[in-house]
């Protein structure tokens, strides 16, 4: 993911230079840094503290996100932190608290779907009122195949977390209850079917299937009292060959969401050049972690789990993107 | 529905003459009978017993279905009984028991989706193994608007009952558990979101929304370990007018499933002319009623309800359509 | 084609019995007759004259169409004659003249696309005025592969003749000029691109490709000053397997237009049972032959050919279907 | 168009600063320059000669393109010249000759469709051989409405010129003959239907309709002996509201091809920063003008016009993008 971000930053984002790169694998870091015209940092901490660095993209292993985000806040530098903000809600809360203590938002969480033209159009359609009152949101999130280290809780925290954020964002609402079931009871619980209860009353269904086989696929339909709207992702060319009229399915999220990543990084870079961030907040990241934890409990225990509410700090008052 | 069936029988089904019509509203019956070249019966019972009648279509109010079906069995005449077979599982069981006592199947239940070319193609795709093992089935069932007399339980027994039958038929499996929720807690619980657990492990989601506003819409996607297949219902013409590239949505189920009704009646008439039925059985109708009753309990109580299993009589052994 | 019509008539058309069958191949005729519960006639003429025959379907080799149609007129029996009505315009005109002499229409030409729900919907859309004034019609007509005996003129007279009729019918207009080119100058000229000039000013393009390889495909888009409308033929199920989101393309016209043939035969049988026909007329068949002859001249000579106009007999006054 | 390019350059293209802006309308120039952080030049010639300017985007009236392109060549500065390269083929040839005299390519013509992901995917599909040998290319190019100053020749030179370039590029081939007709003989000849003959034998149809009413629409299907491939442009969201299942049609080319413009400018800027260009050449621009002139003659005279061939200078040898 880090190498992809560097490639996007250097080839498609105006006003950015990649000056330093860090990776535990020094060879990898060197390769990426050379391609981008930057140098290799000796540690993540050094990179964050470097005079050559105005803003930081965190795309390291999930378990390091929270600490690095806190370090960026301590250094007063805008950061884009890949999702999830942390592995536990408690750790995510530490990042929130660091920003609140500073009194300024410096970390944007990589919920890049908010920058996808399709999702953005979908949110605008909901906001326009054309669908009436939203009652249901249906989500599908499929990968061709998972790594062998995939676990049931990992699917919730690593994959479904996108929908946990997206649905709340689409509806400007909060998840207050979650249930997750799987047709597979022995072995990896995949696919997983979740039902989300929103504070405003709407329900959302989520299918996450990380071994769907045929390719990468993300769908979302918002059902209102006056109509529905759905993502209509379509490859750019259709073919009719050998009895099939078809379009190619993206193989992975990098291809599927290439535009979203480019737009996300462009928006982030623009804000960061003014020393700020204006995308998904650490509070959004924290809330997604809270829902994911309830989801994991629901997956394991089988029963619906309430999602604990929390008081939103003024720093994250609605109105922020 | 009865008048529609008469119209289809007289204009599109070979080898059938509509000889007698009965309706509590004699004026209506007269009108329909005259259009079809038949006469008006003085009662449903007289019609069933008439020498002019070889086979019977039951499209009367739901509460009369079971008694009329039993009367047809008593008269030894093949019947097509509109869904649901009965209002309660107990009543449906009476019809099953009448057939079992006779030792012969005479009543076909009007689960006409099994005759829809799309559903038939979908079932063939599942049966072909092309999708691998089925893990999930997603169903959407929307009407533009309901009558003011609609009730939460009525939506389950009158509308969702289609999916309760369809999913079991598509997968050659049985529903063993059901849960139903609605985003609307005060007033008519609509839409309803159901989760069905199948004996073989698969899960199914069902959204029934009888006041969806925009039109009639039925969708079904079967998700397997090797791929997915979905109904692709499309009107026959697309237009590009005033900034919209669109297709018309059917206004109601009569238009949407016109082909399914015609094929159903054609198949039924062919079998009935040989004194038999070969479509959805009263056992299928009974099982759908059993699942619907569990669904109503789930809707009211909020919790997952088990669906009581029952021993399938030999008369309904698998292998029948 | 004849066997297909017999199968449709016996399984899907009300009010019809197939009483006699004739085919030069007696074995074939016997097989088809037995399946339909009819007997084998000793000649086409005997069949047309038989007391057991009220109406005739002509699906014999193209070169016999005109004579058999004239024989049906002489016998006073309604007939459905497969397209083309004749191989030459002169022969087609003989059929027209026979009807005109009789003063009654008895032969319907098998331009079954007029009964296809898609084309019917398209014509209704044009007629509604929603598209404004029609300026252009684009047609595509592809077969997977042709027989080895296919010829350039044969493609015009046997395949493109559908579009030659369809465009005139859609616009209630006449073709007054035609040009045909092919990218293949040596060997079979396939695909062929035709441009039709209509009396009312509109232009139509036609691509006929009888060796398109991938399957059978028919498309039609009507372009008006206020919008466009197009056939949206879609198989009933879409699948997502192995990286492709696709739908199956029909393999041939029998599958693609099964509904059109059923509806055509049903309408024809209903009219024929009253001793009449109300579908595409012999005049329509004659005009298509006239345009096809101009098309063949255009294909061979390379230049635009005018289509000779002719005075429409009162028997075929507009208003007939 | 110029203001759009400036906006894209400043918000979405890395490594570029807009330093000077010129427009005959000084107020307009000032507004655009201020938004971009640049200054206003006193003339186009001054801008081209300025030390502050390394590369030039020419988006002035068509009649000025050739002279400004020659000026850029004289100044040794890479330029992106909007299509058409010139109003006449003779003027376009002047630009080619200037480059040939210099021995270096410095001007890229704004055939931005080559950068559209859909067209690029289509070309890759053709090049892959998956379609077999290409026989036909169908093109549709529609605008919602034209300015009142639109003329028949202007539609060819200003709009259809895109397809005149695109088809040649898609097939790596040359147009050798062209015919253009219109259903409108009095008043503005719109729509126009062109047939292009390619040197390799393929034919192409082009419908250009600059008053199509419903919106902006561009379609292209390549038909080969083994299958077909078509652009599948789809908006990102589909809605089902009030009986219509639809997607929005783009209102204009700026929205439709926003990605193509961004990618074009990014590629151009990258090459220009090395003092070169690697996109559509002035030779491509010249050839498109030659075909357009033949097209205008065909439109006016009604007959097919040959397209004069010319010897491609070594500077533009195939292999260049």
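Per-chain numbering from 1; labels A, B, C and D assigned in written order.
Everything that follows uses one rule, which is that a contact is a pair of C-beta atoms (placed from the backbone, for glycine too) under 8 Å apart; a residue touches a chain by one contact, two chains touch by 3 or more.
For clarity, every value in this text was computed on a predicted model and none was experimentally measured.
Chemist: C-D or A-C: which has the larger count of contacting C-beta pairs?
Modeler: C-D
Chemist: Need the most distant chain from subunit C, centre defined as the mean of C-alpha atoms.
Modeler: A
Chemist: Roughly how many whole angstrom separate the Cα centroids of subunit A and subunit D?
Modeler: Each chain's C-alpha centroid was found; their separation is 38 Å.
Chemist: From the C-alpha centre of subunit C to that of subunit D, how far is it in Å?
Modeler: 42
Chemist: Quick one: report the Å distance separating subunit A from subunit C, using the average Cα coordinate of each chain.
Modeler: Measuring from centre to centre gives 56 Å for this pair.
Chemist: Out of subunit D, which residues touch more than one other chain, so two or more?
Modeler: 213-214, 226-228, 240-242, 247
Chemist: So in the complex, the part of subunit A that touches subunit C is made up of which residues?
Modeler: Counting only subunit A, the residues touching subunit C are 213-215, 217, 240-249, 251.
Chemist: Provide the residue numbers of subunit D that touch subunit A in the complex, in ascending order.
Modeler: Going through subunit D, the ones touching subunit A are 10-16, 116-118, 121-122, 125, 130-131, 226-242, 247, 259, 266.
Chemist: Would you pull the subunit C residues touching subunit D in the complex into a rising list?
Modeler: Touch residues, subunit C against subunit D: 132, 135-136, 138, 140, 181-185, 191, 193, 195, 201-203, 205, 207, 209, 211-214, 223, 225-228.
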